[in-house]
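Order of writing sets the labels: A, B, C and D. Residues in every chain begin at 1.
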Amino acid sequence: MKDEPYNSDELMTIAASRELRNDDVCFVGIGAPSAACNIARLSHAPDITLIYESGTIGVQPKVLPLSIGDGELCETALTTVPVREMFRYWLQGGKMTIGFLGGAQIDKFGNINTTVIGPYGKPKVRLPGGGGAPEIATQCAKIFLIMKQSKRGFVEQVDFRTSLGFGSGGNARETMGIHSSGPVVLFTDYAIWRPHPKTKELTVVSMHPGIAREDIEATIGWSPRFADDLAITEMPTDKEIQTLRQLKAVSQAAH
Amino acid sequence: MKDEPYNSDELMTIAASRELRNDDVCFVGIGAPSAACNIARLSHAPDITLIYESGTIGVQPKVLPLSIGDGELCETALTTVPVREMFRYWLQGGKMTIGFLGGAQIDKFGNINTTVIGPYGKPKVRLPGGGGAPEIATQCAKIFLIMKQSKRGFVEQVDFRTSLGFGSGGNARETMGIHSSGPVVLFTDYAIWRPHPKTKELTVVSMHPGIAREDIEATIGWSPRFADDLAITEMPTDKEIQTLRQLKAVSQAAH
Amino acid sequence: MPDFVSLDDAIKANLTDGDVVAFEGFTHLIPFAAAHAAIRAGIGDLTLIRMTPDIIYDQIIGMGLAKKLIFSYAGNPGVGLLRRMRDAVENEWPRPLQLEEHSHAALANAFEAGAAGLPSAVFRGYQGADLPQVNPNIKPVRCPFSGESLVAVPSIRPDVTFIHGQKADRKGNVLIEGILGVQKEAVLAARRSVVTVEEIVDNLNAHPNACVLPSWTVTAITEVRGGAHPSYTHGIYRRDNQFYIEWDKIAADRKRFQEWMEKHVLAESEGVFAKRIQHLKSPRT
Amino acid sequence: MPDFVSLDDAIKANLTDGDVVAFEGFTHLIPFAAAHAAIRAGIGDLTLIRMTPDIIYDQIIGMGLAKKLIFSYAGNPGVGLLRRMRDAVENEWPRPLQLEEHSHAALANAFEAGAAGLPSAVFRGYQGADLPQVNPNIKPVRCPFSGESLVAVPSIRPDVTFIHGQKADRKGNVLIEGILGVQKEAVLAARRSVVTVEEIVDNLNAHPNACVLPSWTVTAITEVRGGAHPSYTHGIYRRDNQFYIEWDKIAADRKRFQEWMEKHVLAESEGVFAKRIQHLKSPRT
């Protein structure tokens, strides 16, 4: 895809940004979610509310933060609350419409692992851990997943379930007494996936331009399902790609 | 006591102020406690920390507040915190060395009623209720009681136990798992009382100048105990009386 | 974004007979203008919640518009008792009033739990006190680690919360400064919220850690200068302590109370509040 | 009133082998100078608590001074993993490290409960997550009103908490502004607290609702300009993001790590922090 006017990472981010609305209240993580949210803010959703777990509410960063607590966030925020309050009133209190998650491993039901590769007590790789994810996964009204495809990352079974997707599928969330939707969409560098309405298995609904089914199958650790009415993801517009690249350039220069 | 250079109310307040120390952190109520604390601050305890339940910490009012939330309190406070935080971090968190209580009724063990006269379900007089008192009574390290003596107020049994003193006496507090001291002193317009070391019954330890045992017995609804080494309360000094009267005059003019 | 509407329209759209409602304010920033508009609209059968019900609840109760009161201290602060509320409890005049009584600590925790989306609040409280014997909404719970016995109370989730603040910006973000009470919690815990402010401005110019309610947490905003009188607005006007003292006399007598309400509430509109604070404007110290 | 002492004296008086200690800071205001002084003092067998252990805990762990870590996210924020912490967990180098792992929500609640004097914190969390299966300090509890199943975690009560703030006044009151993290809770929950500040001033000039710690909640105060570097102090200097990126390389190799610590921590004193922020001073926006 070298000759394309965009790369697959960029499309992943842009595709996510397109599904954000002006009245969304997003619990934003660092990296692709932060980029997607800020592209949305700088284009079709100028009043979108972006919240970072550091307690910064309604941020309007000019550069993408490196950490979830960069000074830029507080300086451009509507208000900054203590972290206790962030998790109690704003996340647990049900104020977030969208939370973003990704991780080292994901399974077909959107369960995610950011804790350990290998057994918990004797890990092969000790990852950072859950941070906000265990509660983000169940307390935001909807979850957007963003993650690059790879056989290592898209696995039949996660080594550790740091945060819940649809559990074992079907109505697993409901039986646990959880009322939020869970992962409504997964954006990757190859495709857009959505849960099957009944089984809740993540299903490819739109492939990015130039991607074939085999490309997807080659990067997924299970046999992925494809929707009957499979779409092709819209190419990034010039404006989208410019907004993203400008934001990234300014950010790289700033750090 | 008309010809005295002070009245009995004034001595009650001044006697309380004398027992406050520079490093005390006081949960202050309106009225006599507020006056006592501020006299202490303006005389021998300039760095005493005064906290009002409205969330104002380290106040230095020039006039005595009419309510626990007058603007004067916030304007002179070191900081003002939300009421939730006041009750969780500062009171329940065990930061207060002294709390003040008084009420419509008190018994010989310092249990207090500010809820109802008569039965709870069909009260003869509906009083304001407990406010902060139920938790002040157990969560401040020590309690100072301030209350004017009367047969109506000093009763064999309170109609409703709004806040705990020593319960039925003895080690009742300890058996409830309470670690704070409870009422260490009671200041009235006739005397100073302290709990008996064992029975915890409030006992007259010092009578104000000019007061006889009979005066006290005539204003108490039970047969009060007197200490063996009964003292006479020191008269207010000119400075004490001036400080109190000036504060009251300024305050009356302000409201 | 909240609706910028008149106070009467805000009441009409957000308060209904039978609602559970909190007019919050802790001595400071009590939403008197909003409560008077609600009284004028005659909306009744209300369950009133407030830590420190004072004159406005005395007025709503005295007008027969409340069926229940959830509270922790019902007094005219620094003055005395609430005479209309007493009359309702002791004599069922003008109608009976159910009480659900807590301590301040309990209600502060209950508002916090409401804002935090929890069904109940756990704290250490009521030790040796009689209230748990008359209020079934105080229950013992045990810490699963230490075994200590604590208490739980249900969280508070009003249908609608009314508060008064210093400023809102044109997007509907609200700034509150000074004594904060439990107003942030009361708004975040409620299904709907109506905020009266002294002023609508271009920019809040708020300290980064000031108490700001984002626009999307507020249902309706109305500018009412002096809207907290006889309570006060930090930095703008002082508490009318004289009126609080006077209220004790007004409320002492049923007839005098009714005449006063007729003249100063029913026959007035919210515009009167700006006039009432003329003599109380204070420079920020 | 707190002691105004040198950082080394504050460490000597307040930190002992085997202590449970929180060096708190949430990306902002991380007390690097204090942690480096503790490392220089060689105080070990520590149980470290922090929501977001980052470079300073990587350093303490890599120097073999920690026996246990209580945490919710152990990463170099925006950069990657903590390589010294990984080495301790995966290879027990330079010594084994026990882990007690929570979510952010759990630890934020646990600090809050510590400040509130409670034995545990109750919240809604960990639904469908594996952590409760490997951490016995996460227990189910039931709401006595709704019957809902919630979770409890023990409150956090450190022996000593270290934080960094903008200013202290000469009485020892401390002001923190910007991203506040759980520092207030960490100080109020601790038996002792040590605060480094950028500046000791006559008057805090604080907003009435700013985050201020009264002098009597603080054990010791030291002025250390730049004391949060490579973290930052809102309004005074920017985060040294370049250093965070560089740390990933330094910590990748045991020998390089040790050489770096020798040169930049062990052979230095807190005076160096003022120099490290020279190129990062930012005007308040």
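Assume contacts are C-beta pairs under 8 Å (C-beta built on N, C-alpha and C of every residue); 3 or more make two chains touch, one makes a residue touch a chain.
All values reported here derive from a predicted model rather than from experimental measurement.
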Lowest number of touching-chain links that must be crossed from subunit A to subunit B: 2
Which of A-C and A-D has more C-beta contact pairs: A-D
CA centroid of subunit A to CA centroid of subunit D, Å: 28
For subunit B paired with subunit D, centre-to-centre distance based on mean C-alpha positions, whole Å: 41
Multi-chain contact residues (two or more partners), subunit D: 112, 116-118, 123-124, 148, 178, 180, 184-185, 208-211, 234
Residues of subunit A engaged with two or more neighbouring chains: 74-75, 80-81, 88, 92, 139
Overall pattern in which the protein chains touch one another (line/ring/star/complete/other): other
Interchain contacts, given as pairs of chains that touch: A-C, A-D, B-C, B-D, C-D
Partner subunit D, residues of subunit A touching it in the complex: 30-31, 53-56, 65-71, 73-75, 80-84, 86-88, 91-92, 111, 115, 120-121, 123-135, 137-139, 160-164, 167, 172-173, 176-178, 254-255
Complex contacts: residues of subunit B adjacent to subunit D: 23, 25, 47, 49, 57-58, 74-75, 77-81, 88-89, 92-95, 139
Residues on subunit D engaged by subunit B in the complex (per definition of touch): 1, 112, 115-118, 171, 173, 184-185, 188, 206, 208-212, 214, 216-217
In the complex with subunit C, residue positions of subunit D that touch it: 116-120, 122-124, 137, 139-141, 143-146, 148, 150, 152, 154, 177-178, 180, 207-211, 234
In the complex, subunit D residues that touch subunit A: 26-28, 51-52, 71-75, 77-79, 81-82, 85-86, 89-90, 101, 103-105, 108-109, 111-112, 123-131, 134, 148-149, 178-182, 184-185, 211, 232, 234, 238-239, 241-242, 244-245, 282, 285
